[in-house]
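Heads up, the next two complexes both have subunit A, just with different partners, subunit B and then subunit C.
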Partner chain A sequence: MSLKDILTPFTAWGNIVKEPITIKDPINNRPGAPRYRGFHKNDITKCIGCGSCEEICPNNAIDLLPVEGIETKDGDSGLRPRIDYGRCCWCGLCVDVCTTGSLTLSNEYKWIEEGNADAYRFTPGVDKKPWDKNELGWNKPVPNYEFYALDRVEMQELEPNKRDNSFIEIVQGFSKEQAQLEADRCVECGICVAACPAHMGIPAYIKAIRDDDLEHGLNILYDTNPLPEICGRICTHKCESVCSLGHRGEPLSIRWLKRYIADQNPSEEYKKILETENIEKNGKKVAIIGAGPSGLSAAYYLALLGYEVKIFELYPEAGGMMRYGIPEYRLPYDQIDKDIDYILSLGVEIQYNTRVGGDVSLDELKEKYDAVFAGTGLHLGRSTRIPGSDHKNVYQSIELLSKITKGEEINLTEKIVVIGGGNVAMDITRSLARLQKQKFGKVQIITTSLETEDILPADVEEVVEAREENAVINPGWGPKSVEIIDGKIKGLNVVRCLSVFDEEHRFSPKFDEDDKKFFEGDMIVESIGQGMDISYIAEDIKSSIEFGPRGRIVVDKYFQSSAKWLFVGGDIIQGPDVIHGIANGHKAALGIDKYLHH
Partner chain B sequence: MKKNSKLIWTPDRSKFPEQNSDGSLDVDLASQKYVKVWQGPNHPGVTGNMSLELTICGDEIVQAKTHVGYLHRGFEKLIERRKFIQGFTTCIRMCVAEPDTNEYNFSRCVEELSGIEVPEMANWLRALALEMARLQMLLRIVPGQGNTTGLGLGVQWGVYLRDLILDRFEELTGGRVYHMYITPGGVRGLLPDGFKQRMEDALKKIDEFIVDITKLMYNNAVFKKRTVGVGYLDPAWIDKFGVVGPNARAAGFKRDVRKDYPYLIYDKLDYEPFTATDSDIYTRSLVRREDLRTTVELIRQIMAKMPKTGNIRAQTPNVLHWKIPKGETYVRCESSRGEYGYYMVTDGSEFPRRVNLRGPSYVHAVSLLEKLLVGANIADVSSMMVSLGTCPPEIER
Partner chain C sequence: MEQILQDIGKQFKITDIVKKRDNLNFITCEKEQTISLITYLRDIKGFSHFVLLSVVDWIEDGVFQLVYFLNNPDKKIDIGIRTMISRENATMTSAHHLWEQIATYQRELKEMYGIDFPGSPRVDESFILEGWDDIPPMRREFDTKKYSEENFFPREGRETNDPEEYMKKKLYPDEEK
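Let's look at the complex of A and B:
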């Protein structure tokens, strides 16, 4: 200790001549940092009510609640997060996890609101707050900061040169690692469940994949869908188009995951896994017309309930459009058989090659059975009815596809024009391209449609793959006439299509007649939709049934027609697609059970 | 208590009862020779509540017992009910004063147990956040030592400077006190524009502060009188009790996790931990002042050497159902008070089975303090607690 030690501390007196550094009102005079985690904001038009924020909140500060003015619809639960500032710790995890990026925090420090004691619990974006317009604050950090993978696990597919001349299956299916990685991406929001016509337990079976409990997964599939191998391949996957992850990344490959579960369970085990070894019969009988998706689905659920079920099928094999409409490279026959054989193993009977309304009448079925379900589908091809479309070398896609399935000879030519922009048009294009490749060694097929590329109804991957297989897809043209010289088709005259629908979204195509084009071809295939044939319903029965617009049979929510014993479902009611058929069949089975037991 | 040869003041032990061979003491309160007093529960110059049951004889302590229980919030248990992504919002509260070390340890446990490699950029930013955390803590505790002897001015300076660091935290992390910046998988943001300059401005002020506080406190006759030779920590006790950090370095032990078990990017930084040997309150405080200097220097190095940009987060499993296989790990880092460790056990589920904090304060402020206080003057209790780096929230979580 020295004199120095006594004197030096006094140098601190030097501060007396310095400017004070204290800020008088630090809170009011100083804005928060641009990244400061202040108060919640939510762009409620962007938010889909997925509930991921609620799920991640470590303090249970978030509840999802219905909000006035926001409707529940496909892809939107209609709920919005309400935050409780009695619990929130401003961690911002809710912002970081938000699937749509709608949720953010403003950079306000303070919030004083008088009068309303409950104001601390509010729904951002709905309950107006002073900071709603504040652009600064906490946003999800820079790219590559993700709480779940945004990209899909890539699916192995056959290379174009390995598939373009054969009908072997293109999509190879997931391995266990791939399936689990893909399943890991799901945020379990259930948005997809509402959009799926069959309301399949999607997050639950995806979880079963993560848990590697595929038997449980199979049970969940069969709760709502008895054709999982089929749907796992060709479902129109409405679920994927609404998947929450699709807002900022790629939607989950829900369809391939379903296929993975079905693929991994051997058919011999199904009865044991699904506990259907001993079903008690209830002594009642139901007839089903058509072994398509809706008929098979109804048959399955009726069989589970103990009904004796018999299906009357026009074709020599079961499956309907799934077998006779969808090409094998998308849906191999053995996979169709796997699903159907299991349904048959429950005692469901099928009488093949039988036309109801011909070999057996609907009246007979009505007499012999307690109830009838008709799922006869859309098997009549529609024609463009343009000049020349009655030529014998103008075909309907649907008749060609079924010929290909049956292995019948097709009068194949070297240059083909297909009219249509839907998935069926792609199916026939790609099937014919394969046959051309086999027969002529090269592909010359042009597919044209009214719809332009951006609004093509066909799945994007179908179009991409068709092009990879050397088909030319040239959309945005309206067919005018088939050019015929000396009785031989030379090609198709088309004009530019300007728009397909009018303001009310009714079909009303507009053309630019001056913008003409000619597609060369010696065979034309029309693929512009299918119609139904319900001529099997005799006049006397028809009179007891109520019909709606465009000849559709009116049914209730159980698909019961106004003739109480007759239930109708599938493409002739809803769709057209497999999954609506399955959903209808299931619902109808429950309806039949209700009808026969009450 | 063992004596330091340089001691300039010693309590008169002649009035004290002799300890029994097992270290216990027969205190007969009825003799009226002894009085029991409680220090606390309050903030005895440290962050958070604890209390000491002191038996005094005159104004000298013959026996001290630490009492905790005023601050137990059950955070370790709460974390067992939190998903791995949620835990970091809870663990920070285990040490209010320096939350980042908790975030870091927690995250690193999760990453080690699930085999996740954190991107390089995130590691630099983590090191920056950890040094900033040490810095703001040292800015409190360095002048805080003077405060316990009645020198309040330094604390005013420290609080102001700490606020500048909190400003930097705010712009980097979005939070001032609880930063919630280091998450399992990475960090939550790159440096904002102009950050380095603003940080450098703050560091310059801290450089000046070091000069000023040296004049005010370290070269201060009163401070010296109150701290030199007081609270002597016998080097023989360092390993016996598991003393770490500045307390060990002040007793001549070069203990620094950043050097001994380099983590993050610390092997790319150039510095030497400061050590001294006198092992009294003054020396421990001196070591902390040098720690402050080192940390300022390390922040400058980090900002100069870190990459400009890069990924700040590894792709983890989906955080909403992140499961971690059965396992256990212990990780540590150098907090302002020394080795700060986390032990985590996982059982294959979506939740940690056990999270246990091994903080330096338990050793320093519970077992060691009880020993050091025997023979001390009652006026020096606060001074001793601060000099050991006591942080009660980390003792009882």
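Let's look at the complex of A and C:
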């Protein structure tokens, strides 16, 4: 043995003064990597309980459960995900698919709790955990990491300069490729269904588009809505406003997809597709007043149930506000006809140019028919009643819109002021702008409303498109008086509107009388809402009907009034919009069936 | 790095180059040339360290994308060699003769994706899935949820709700169609 052999082991002692490279206490202090996929976190105020996490989970580890204190409401199921960690494989797909971005994974991977083995299952964000505030962990990487496109497939629309002097339809509709691409974005959560007044089977018909089974799609549409061409164009699409995709991107174009299904099915095939070629009559008769959305919807579902249905319509053509209110560039007449003609093909009869309460009395209908449905709508324009509003050149939007439909002459002037901020105000603004362009070659129209831009009741796209067509939209002003000199209208005096509603959300506008403005114009159009005309209900019948606040007829959930034979629905009960009318008509049809058979 | 890429281009048929960073590139080459290219990079271009072998399942295109990740420790640069192989009877020439540890990666890919590497040591032995009797689980046609439902029992007391039905129950329970 050499000296070296003896001394060498002692060289190891040299290490005693070196910094150790091992971690001293690995068990107590070993954090997960920054993007480690550990236990879940959920921002439950952001989560809407759409269930996409549950749907995508490859291990069935997620359940959706109600949580105390979280209410089920439009756009929020009130459910929240609970994770079973006996199954979770920490793949993170639930985070990646999350529509709101509320679900994340912390980088905590240790969880030690005494006692209950079921503690290994918890509702993130609800059951408080030590890692709730961990900022590290797995978040969906942004941008460019998406399971579905955040942007809509763009809808082709006529350019402003190609549409501003005609009433040609603006929206061009989806091609098959576009529709399927857009339908592909749907996560099928079904949050939209509750928000739709007709509770249409939205995820199912969108799936039908993906599957390219448009006949099945049409069947789903007609389960709840017999006016799909119309709704596919002008529905107020409450579904889209709650669409889960809208939380991080653009909501699904549900309305355009509905239109796509209706557009692609030829009308001559409808009876075959919808299996309505042979409907057995039940021998009972129902009269309907008004061929608007609610009346047509009631007629359709009653006809399906075998009733003989006759609609009494004041105007020369059917459709109500859909034809005489909504302009043709949004809803072409041939599309209205397609929906209505199909309903008529089931044997529904319409007696046009007939005023109930004039040409025929409600009493007569009561005698001749087993039940009556009234969907007479809101056809009386409301006036601001400001000084000068009784001038002959102050019009109601609703009368002008129906004149345009009928092709009647309008006493058009070069400068027009419209009062109103809703969709009807935009309809009349854009219609008059087109007529001005045709007649004078330029547009000079100002539309003003009490509501400021941020709370305008009109759809944003309506306002944007009106501006594209050179109308001036100047919201936030309260009309004070119509300026009249020598019997001629010179314009509208307005003052700044500070707020429209009071704290209890009642209509109670407040003005700054010192902040004045003058809108020049030689014609004023009021578009501040419509009222109902139920003068067709004679006094003796009226006395048997219960009325609620503001003269509204009280109805039950089937839209049955306290005069049992009389059902009432549509804008005079709920809305105003087409889809509520359709839903009301459908329910009333079921109610009439119950009333006449039980 | 530029020089290396140019040199590779002269000798091999490269179908795609993706420059991720100054020190990281991905190049795509044909299946038949892949092992030669890796050998060339190891022996001539100093990529002496094999980092990993991975795969992406492009089921829609009917191919697997193999990625051989190499490192040049002197120049501190990385390169990923991508190559597409058919998903049908997926087979690739083994590269275990270049780095012994590649055999382990290849064994894993055989088990998880069903990609065969004939001649690779122990390639047919179980890697981590002892007793596995289904299709390779990382292939995208493998239905994880179905497998999970069939093989793992739900914990007692589990229940769930469909958002659409639950909202109907809460918000409009009486409505019928």
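One rule holds for everything that comes next: the second predicted complex is superposed on the first by the 572 of 598 C-alpha atoms of A that agree within 3 Å, B and C clash if a C-alpha of one lies under 4 Å from a C-alpha of the other, contacts with A are read in each partner's own complex, and residues count from 1 in each chain.
Keep this in mind: a residue touches a chain if its C-beta (ideal position, glycine included) is under 8 Å from a C-beta of that chain, and two chains touch if they have at least 3 such contacts.
Please read these numbers as outputs of a predicted model, since none were measured by experiment.
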Subunit B versus subunit C as contact partner of A:Tyr36, first or second or both or neither: first
Which superposed partner A:Asp184 touches (first subunit B, second subunit C, both, neither): first
Touching partner for A:Pro58 - first (subunit B), second (subunit C), both, neither: both
Touching partner for A:Val193 - first (subunit B), second (subunit C), both, neither: second
Partner chain in contact with A:Ala318 - subunit B first, subunit C second, else both or neither: neither
Subunit B versus subunit C as contact partner of A:Leu218, first or second or both or neither: neither
Superposed model, subunit A: greater residue contact from subunit B or subunit C: B
Subunit B versus subunit C as contact partner of A:Ala12, first or second or both or neither: first
Contacts of A:Ile573 with subunit B and subunit C, given as first, second, both or neither: neither
On subunit A, the residue positions that both subunit B and subunit C contact, one per complex: 58-59
Touching residues (chain side subunit C, partner subunit A) in the complex: 144-145, 148-149, 152, 154-155, 157-164, 166-168, 170-172, 174-177
Of all residues in subunit A, those that touch subunit C in their complex: 49-51, 54, 57-60, 62-66, 72-73, 77-79, 84, 86-87, 118, 121, 189-191, 193-194, 199, 203, 223-224, 557, 587, 590
Complex contacts: residues of subunit A adjacent to subunit B: 1, 4-6, 8-9, 11-12, 21, 32-37, 52, 55-56, 58-59, 89-93, 96-97, 105, 138, 141-142, 144-149, 184-188, 207, 210
Touching residues (chain side subunit B, partner subunit A) in the complex: 82-83, 85-87, 89-90, 153, 160, 167, 170-175, 178, 180, 186, 188-190, 192, 212, 215-217, 219-221, 224-225, 311-313, 315-321
